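Both complexes below contain chain A, partnered by chain B and then by chain C.
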Partner chain A sequence: MSNLQFALLVTVPVLCFLVIVVAYPLGYALWVSFHEVSFFGGYSTEWVGLDNYVAVLEDGDFWRSALLSVRFTVESVIFTMLIGLGLALILRDLRGRWVWLRAILILPWAVSPYGTGILFAFLGRGQSGIGTAFISLFGSEETINLIAANIVVEYLALGNAWNLAPLLAFFLLASMMTTPSRLYDLAAIDQINRFEVFLHVTLPPLRFTFFVFTCIITVLSLKQFDYIFTETQGGPGNASSVLTYQLYKISFVNLELGLGAAMSFYLLFLILAVTLGLYFFWGRREARNA
Partner chain B sequence: MARIELINLEKVFGEQHAVRALDLEIADGELLVLLGPSGCGKSTTMNMIAGLLPPTSGSIVFGDREVTDESPYQRNVAMVFQSSLLYPHLTARQNIQMSLKRSGLSKSDVSQRVTEAATTVDVAHLLDKMPGQLSGGERQRVATAKAIVRQPACFLLDEPLAALDAALRMTLRSELVNLQKRLNTTMVFVTHDQVEAMTMGDRIGVMRNGGLEQIGTPNDIYNNPESLFVAGFVGSPPMNFFAGDIETVDGQPTFVNAFARFRLADAYGQLAPRSGVTLTVRPQFMRIVSEAGEGTVPLTVYAIEHLGNESVLIADAPDGSKVRAVVAAGFEAKIGQALHASFDPSNAGLFDTKTERRVAQ
Partner chain C sequence: MKKRETGMTRRGLLQSTAGVGVAAAAGVLGPFDFARAQGMDLAATSGEPIYFRGWNFRTDVVQANVERYNTNLNGKVDYATVTGDYPSIMEKSLIANADLDVLYANPSSAVRYYGGNWIMPVDDMPNAEEIKAGMYDNIREAWSYKGKLLGLSYFVSTRGTMCINTEKFQAAGFGEEDYPKDWPELYSMLYKLRDKGEKTPYLAHWFAEWFGISWGFVFEMMNRGGVMADPETHKPMMTVDGPAGQTLEDWKKIWKDGFVPEEVLSYNEAAYIDAFRSGRYIISPQQIYDLKTFNDPEQSAAVAGKIGFLPYQGQPWGLIDSAMYLMTSRDRPDAVTDDVKKFASWYGYKNEDGQIAVAERWMKENMLFSAYKEVMESDLAKETIQASISNPDDYEKLIEVYSHTPFPKGIWSVVWSEEFNAWLREKLFAFLQQDLSVESVITEANDEIARLNKKYKID
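Showing the complex of A and B:
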């Protein structure tokens, strides 16, 4: 058997499976997005051309939730990078009997987005939440509700970052281990300051990891749904109804399947555009330097 | 520029004595080579001189100034690391500039000094390349430029040539010596390659198990090794060793073992009989003879290595030890052939097998 034959033998079943579980629903969604589906008086569909796509663009709620999605995503990326880097630096410097903490710190990543949502919903509450607990340490009687309209997106992004950062931390840690320790001696001979050491010695080998994870976390955050669904249900009001939540509402609450399908294609375009943009403006440079 | 003095320097890592009771004085403008096998504490010593590693005890003096507690920068040392380490994402120019980051020099002074240093080691045309785009030799030169740009009190080089091929090492080591002599700056050079040590050093300090085994000029080290370790470590092809005892034969101290006896040189005239000695002879002093006789060793040919201008005969002594002899280029012998070797007793060294120290004449 040639290599090609063997490759076909092992991949053809997988390809068939992928076609069934990905291509079929995608094709069906595309078909639906050009129709109006109604359930009253029996299931019926009507060809409406691009009407659904135009209607989405004319819908103010769509633009509002798209903006929320972008805000949630950008903040998730920033928080994850900062927390992941902080964790990795701490893990790197663990010595002796504290090394086992490295294993413990992967745990937040092991929690499902669904579970993370429930956990952070509980932690964010005004009466019993960590915000209130925190300021009461300083003798305040006030209650701080973290799931409030003006900060709920930031709070969601923080929980999302809590969930994802450990994975990033482990990849950063692995990259840090490849830095020759002699480079730190070189920096000591040059007596460059701590920030310069970070910039010139610690950071360079991490940049590719940062790029890859920016892509991964951007995609994960843009399509994040179950975490937001269990934590805020898009609320309070519609303060956290990001695109995915809006999609869910239109398709499965309002049962406007055609409109929802059209909207989901805009989300797909957004994800593709952002990742391609990241690659063109950042990834190509990192690949060259790597 | 500075004289460097190490006084009773010690470094202990947990259970391990990496450097023990090291006393060493390096003259101003001298090129001292620290030579020793892997793990003997060369890098540890170097790191303490540089100020990268605090000694467990002892002190370090530069000139008249005690620097034991000073940072590398205060000591004004320049260091070149193994495989000529550079910041990998900075250009050669930026790498060299990093040495002057804290110098307080103006921008134009910095760029002038960088150009000067780069010109000195002939890398001015490579300044805008990244380390990854440079060959091993070019990287080594850039690292040297980075070291000399600060006009340091001393250069510390920790096996900078270890990762390069033989031809390049030969070129670069003469370049380094030439540069050190021109700048007349004290240099400490670490290597485990005895040829590098012999060719470069004004003096060589041979290290073993964290201590200084012997220090002296290359000539001293080669011709008058003070211990079996130094005798065996320096020289190529390596030293021949014969184990045996000293007896008095016809009123003369004589080396005796199961298969050979050698009359000792007159310098050993008064030596009393003793057991457990090792006789050393450099392969260059071994002469091959066809007949057994007074003062010969019976040998069985094991291999011949041709070096072009000469050859090295490797043979088995009756006790199974290998004996090497440098022979003329045209020398022919079959594997397994029986031969005999002799040497002038004045070229042999005598050591106590147990203490490994030279036996006094």
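Showing the complex of A and C:
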């Protein structure tokens, strides 16, 4: 058996699998996006060309939802990086009988987005939430509602980060554990302060992990749906009606599958553009440095 | 504008039933006779599973009912619940021809499912005429579309029963004689309560569920005498200076005056109920059956025994909220379809002993009203209702509230109902949060109805 034959033998099953689970649904969605689909009075489809794509671009709700998605994603990435890094630093410095906490801190990542949504809905509400509980400690009878229109996206991003940060923390911890201790010894000899040690010794080996997770968190956040649905249902009002929620509403409430499919391709383009941009402006540099 | 009401009078509701109902109560007919009276043997014969799906409410009761059917009548009913956006999820299951035979649905969803040819009407059952005869005319009419009865009775309720925390109301210096008679008086009362120092006198029906703020608007404008769309032609009928405009004007006023906390807009139904039973609010439109929940010390310790309701004083409160058991029309062997009809008849009508057992159990357990006269006019219903309200003497007043409740046929008995509801929900949130004008909302709502009529070729 030649090398080519062997390569085909091991890759064809995978290719077949990908065709079934990725290419076919994608191709079908593309086909649907050029049609108007109706289920009433009998199933029917009508070719409409690019009408659905044009209609999406002319829809003000699409642009508003796209901006909300970007806002949610950027904030999710920032919060996840900060929380993940903080957790990793804490986990790294755990000693003796506290080491078991490393296992516990992974638990938020094990919670499903659905469960996270329910949890943060309870925590955010004025009548049952953490804000109200906190100020009641000081005798206040006021309520603090974190699911308010002006801050709901930030609150959602915080919950998203709570869910995702432990995974990042463990990868960062792994990188930290492989950093040679002699670098810290040298820093001690140079008598540089703790912040400079963090900046020049701890942080540089973590940059590639940050790049990889920025890409992962970006993609996960842009396509996040179930967490947002269970926590806010796109509200209050439509204050957290991100692109995926808008897609759901158009496709599965209004049953405008053609329009929904066209919008889903814009979401796909957005995800591809952002990840390619990240690679072009950041990933290549990290790869060169590595 | 002309109001659409249930047409059920208090006298009519309280009258005893004749015929089958009385015979059943007297035990004149045996199980076999009943099976024959219903025109069908209820025992399953195909040996295949029947897939029964519903939303998440008292799953313990449903599971017990299903087990009884499986045990007594050789059934293989597979019961499970569906969480999330129930109407949409079920719609996708129906489109996908998924394993689904019997399901819960509201009337508006049922009409849409029938429009997609995904369900079979009750008329296809051998005992259809008997089932129809056992229902109140108004409910049967509400659940019928193009001359077909779409489903069997799960529950009927007045969503928007104006519940009142009598203790807090009296503490503010008011009594029953001050009970508002209509919506304008209710809003006027909110300001009086605030003047007495009440910070949160009103919990508005503005929550985030698909049956939240949009249904709140529908019932309020109907209560004021309005009609959103013509019941027959479905043409839009809202006007800026009519009940729809007056409703929005009042909403804007109490929203700007801070009577409704913003968090209500993100509540699910559980949070909405929890908020009222926390005792923070004085008045709130709720489900009629939740009076039992609110007055139960085990479920609502803070308010139990204190929750009354505003009586009918010339203006109805709320709308008829109801649900049916539907049968799907998916491809399956005839023997399985026969079993589906048998199970649906057993569950949604009468069991092998000729009793409307499931509906009676719902009445007893949760005070769920039924479309069947035999259930509503029974001693069990009266006893349950009297035991569930803060003042048992208010039984007739409660029945009067229920009997005057309208049903929005113009926007619910049409295939675009769910789409319009989703649109209306968002528009009303935007109206409050983005300070849209009353004129623009009314105009856009009428335009949206006209667009949907055009989309679905409804003349």
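Keep in mind that, in the parts below, the second predicted complex is superposed on the first by the 277 of 290 C-alpha atoms of A that agree within 3 Å, B and C clash if a C-alpha of one lies under 4 Å from a C-alpha of the other, contacts with A are read in each partner's own complex, and residues count from 1 in each chain.
Heads up, the rule we're going with is that a residue touches a chain if its C-beta (ideal position, glycine included) is under 8 Å from a C-beta of that chain, and two chains touch if they have at least 3 such contacts.
In this text the structure is predicted, and so the values were computed from the model without any measurement.
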item: Combined model on chain A: chain C and chain B, fit or clash; value: fit
item: Chain B versus chain C as contact partner of A:148, first or second or both or neither; value: second
item: Touched partner set for A:183, first chain B, second chain C, both or neither; value: first
item: Touching partner for A:195 - first (chain B), second (chain C), both, neither; value: neither
item: Superposition-derived comparison: chain B or chain C, residues of chain A touched; value: C
item: First (chain B), second (chain C), both or neither touched by A:204; value: first
item: Touching partner for A:253 - first (chain B), second (chain C), both, neither; value: second
item: Which superposed partner A:281 touches (first chain B, second chain C, both, neither); value: neither
item: Which of chain B and chain C A:100 touches, first, second, both or neither; value: neither
item: Once both complexes are placed on the shared chain, angle at chain A toward chain B and chain C, C-alpha, multiple of 10 degrees; value: 150
item: Touched partner set for A:47, first chain B, second chain C, both or neither; value: neither
item: Minimum C-alpha separation between chain B and chain C after superposing on chain A, in Å; value: 49
item: Chain C-contacting residues of chain A that also contact chain B; value: none
item: Chain A residues within the chain B interface of the complex; value: 180, 182-183, 185-186, 188-192, 196, 200-201, 204, 289
item: Chain A contact footprint on chain C (complex, rising order); value: 84-85, 88, 91-92, 95, 115-117, 208-209, 261-263, 265-268, 271, 274-275, 278, 280, 415, 418-419, 422, 426, 429-430, 432-434, 456-457
item: Chain B residues within the chain A interface of the complex; value: 47, 50-52, 71-73, 77-79, 81-82, 85-90, 98-99, 101-102
item: Residues of chain A touching chain C in the complex; value: 39-42, 121, 125-128, 143, 145, 147-149, 152, 229-230, 232-233, 235-239, 241, 249, 252-255
